[in-house]
Amino acid sequence: MNTVEVKGLVKTFDGHVRARRRGRGDQVRALDGVDLAAEPGEYLVLLGPSGCGKTTLLRTIAGLEQPTEGEVLIGGNVVNGLPPRVRQIAMVFQSYALYPHKTVLDNIVFPLRAEGMAKDERDRKAKWAAELLDIQPLLRRKPRQLSGGERQRVALARALVRDPAVFLLDEPLSNLDAKMRATARDELKRFQERVGTTTIYVTHDQAEAMGLGDRIAVLEHGRVRQVGTPQEVYDDPADTFVATFIGSPPMNLVRRDGRLVGFRPEHLLPVENVPADARVRMPFQVERMEYLSGDRHVYGTVTGIGEETRVIARLPATVGTPLEAGETREFAVPAERLRFFDADGGKRAAAVPIGGSP
Amino acid sequence: MTAGSGRPKAGLADRDGFLAWVMLLPSVVYIIALVGVPFLLAIAFAFSDVTTGDPSFDFVGFGNFAEVFDDGVFWRSLRNTLFFTLVSMVLIVVFGKILANILVADFHGKWFVRFLVLLPWTTPVALSTVSWLWFLDSIFSPVDWVLRNLGLIDANVVWLGRPGTAMASVIAVQVWRLTPLAAVIVMAGLVAIPRDINEAARIDGAGFWRRMFEVTIPLTLPVIAVAGLFGAIMTFTDMTVPYVLTRGGPTHATDVLASWAYFRGIEGGDVGQGAAIALFLFPLLFAGAIAILRAVRRLEAR
Amino acid sequence: MTTVINVEGLRKRYARRHVAARCGVYGAAVLAALVCALPFLWSVVSAFKQNQDLYNPESNPFFYNKPATPDHVTFLFTDTPFLTFVVNTLIVGAVVVAVTLVLALPAAYSLARLDRPWGTPMGIAIFLVYLVPPSLLFLSLTRVVVWLHLEDTLWSMIVVYPTITVPVSVWLLIGFLKAVPKDIEEQAMVDGHSRLGAFLRAVLPLVFPGIVAVVVFSFTLTASEFVYALAFVSASPEMVVSTGVPTQLIRGDVFFWQSLQASTVITAVPIAFLFNLFLDRFVTGFTMGAVKT
């Protein structure tokens, strides 16, 4: 039994008021037939560009939005029409939404008081959660006296005490500065591993998605493009959207006979660095180079395997080949690293042989 | 662990559509009962012969209007109302804008200055007008005392005893008491201007006056319009200042529609005629309201 | 080196200009305060004057030409119904403010948050009601008050005054409610409250400053109202300050001037004081209501 499942979910926003407020102009179909399931204990990440419907999906699961069509199941029960409070969920908002007028302790026990739990029990649970997240010294403070990371932990503690069937996290790291973010991400992961609760996590940051998710669901225009482990979505993208959305720099795509031939920048290397048995060679004209944390990003044009296309090659520090802007060199990609897409729909297509001369 | 088992299902308190109505309904019912109904009643009275002595309702058609139109005092008070409103509005906007600019500036003792500036508006208008009654007294007026001692006048002006000065006095008191309100509204607009716009203008080399006329005023124009229309509507419908200060005198020189309706309808007892006079406020008021809305719309669109 | 000299010169010039600007600001502030408050200063001075001093056209109106006396202020409290008027004003004000909050808070929440398609037009309609003046309605409302047998009672004002305070309070509260992050109430709903519970437990505490501003503003409006009070109540023991003072403290041609001036100052100062405390909130409330309809 899946902890959370959505079937054929469609959400349209009626009227222009909402669309305008969300800054999405005339787009009204926020979810366009979404099927997705999270298994018990799984860390499922919803990844997509802004406006792709990932937050709407999360809010629909939470019960903050009602779906136009389709069903939401939590613990096997259809929860359509139920208010958020009876859905056995806990949510952490992007802003953490701590009640600014309550102390940390009062924030944590707030959901328990709503349930009408006895005071001893409440305090015991709050202490347990505070200990787990290491925030006991902060219990008497007000939210405004906390740092961003501490706020996140308080929000998590508040979510934890409810014993929810699922945690819903809406871009919880986006309000932190870059340095905090790495630590907070690590904390989030370890926290989930310890409590083992199913978690659905929304983000637009692929590094977060790759680092945190057991599985990643890539969304675009209200549709799920691909669901899979981080490795699957990276190595075997289902279509050109996923291929170019994930990976930095994105996958190179070269048009050839109604197909798009794709390969990751790190697989495009000077020919002598690619095993000779199965490689695809191509002349690469170097235009300019960037030196980024040990890697060389080389921008240039390839010819020979299809139409002339601008691509990026990422050479690791171990590749010492001297390169100059303006020169043309022989590069190659291992044949098994090539991915093929239909040029029209962008979907994965069968491999076609390319003059794989060694 | 089944969601919802043994716990409250979606109740009425969860349904937005239901709540939205229930929460709004008391206010709407109240306003309909005590604004909507009386408004219709006022229209009905204008076509009836109801008096305070004889409250029975008889339809008299346009009889009241005919009588009101035949009365020169009505036309005089209509002219007075328009003049009173127009002049007051212009002065209120100009002074309100200046006052707002002073109040948003940064200086020591600002709190106390603001307190003094707010006094005219927060004082019940009837009371402040009574105070003015003394300052404009025919014999003991301190204003006249100052002017006499400066050698500007020989004898007292008797401000409230002559048509021209009586009107000027009524306007002065009205402007004095409404300017703080206009200033507060304009202040709201001034603080809403993003800081960086003003800072960009400074870096671009614009001085105080250029910033005032090319940045501040254009950006706060909708708010200034709102302040002006508030001033206009509150002046247009107000009878307190003329009622307390001059009782409409001398010989109706300062009678306005509202005060004339009161004298007719309550003190004269002719409810029908009073209502007919008061009804004349409505079309002009309606136009004013539309204008306010337009200004607010533009404010929103910005 | 010429550049250095120029910079010095410029610096001096702008320093002078800065000083001039500061003087200008202070000058303007003092002038504004004087223009607005001068009548009240006169009132304070006059309130303690002896009759021979006050009623002498030649004596300086700004100073005590004879020793000051508290007699007329005492007279106001002991020999006039002024205190009754004050108590009545406070009663009417308190009840009206309470009724206003009970009506306006849910209405404002409904319009600010439970966005229905009719939300915006309804908000505008309620705001327009604020513009319908007492002078248009007092005749028919007087009949309504008579039908309800409330004439010459405080209840007449209590029943009718919220027509003035509710629309403007709804307008202000919408602004304050929209400033509360949506996340907070959604969090409360996820945390186990209904929509109503989220409003009561999470949102209301956060708009408390706004509520205080609305209370002060409504009370000010109530205390200043004149037309209804004059039309509904003609019995002195049920009058409020704004009608009682001008009608009961002036007996025909006899004006108790010092007592009248004292009553104005005594009423004006506490209200202005309260209002000034909350001016900033009122200003922000007005902007939010206006900008985020």
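A, B and C label the chains in the order they appear, each numbered from 1.
FYI, contacts are C-beta pairs under 8 Å (C-beta built on N, C-alpha and C of every residue); 3 or more make two chains touch, one makes a residue touch a chain.
All figures in this text were calculated on a predicted structure; none of them were measured in a lab.
Two chain pairs are in question, A-C and B-C; the one with more C-beta pairs in contact is B-C. The central chain of the assembly on a C-alpha centroid basis is C.
One finds 57 Å separating the Cα centroids of chain A and chain B. Each chain gets a centre from the mean of its Cα atoms; for chain A and chain C, those two points are 53 Å apart.
The mean-CA centres of chain B and chain C are about 14 angstrom from one another, to the nearest whole unit. Residues of chain C in contact with two or more other chains: 194-195, 197.
Listed for chain B are residues 11, 14, each touching two or more other chains. Shared contact sites, meaning residues of chain A that touch two or more other chains, fall at 83.
Residues 21-22, 25-26, 28-30, 32-33, 35-37, 39-40, 42-43, 46, 54-57, 60-62, 102-104, 106-107, 109-111, 114, 116, 119, 122, 124, 126, 128-129, 131-144, 146, 159-160, 162-163, 166-167, 170, 194-197, 220, 223-227, 230-231, 241-243, 245-246, 250, 255, 257, 260-261, 263-264, 267-269, 271-273, 275-276, 279, 282-284, 286-287, 290-291, 293 of chain C are the ones touching chain B in the complex. If you check the complex, the residues on chain C that touch chain A are 115, 117, 120, 181, 183-184, 186-195, 197, 201-202, 205-206. By the touch criterion given at the top, residues 11, 13-17, 19-24, 26-28, 30-31, 34-35, 37-39, 41-42, 45, 50, 55, 98-99, 102-103, 105-107, 109-120, 122-135, 139-140, 142, 145-146, 156, 176, 179-180, 184-185, 187-189, 191-192, 208, 223, 226, 233-234, 236-240, 244, 257-258, 261-262, 265-266, 271, 274-275, 278-279, 281-282, 285, 288-289, 292-293, 296, 299-300 of chain B touch chain C in their complex. Those residues of chain A lying in contact with chain C across their complex are 15, 17-18, 59, 62-64, 83-85, 89-91, 93-95, 97, 99-101, 110-111, 114-115, 158, 162, 168.
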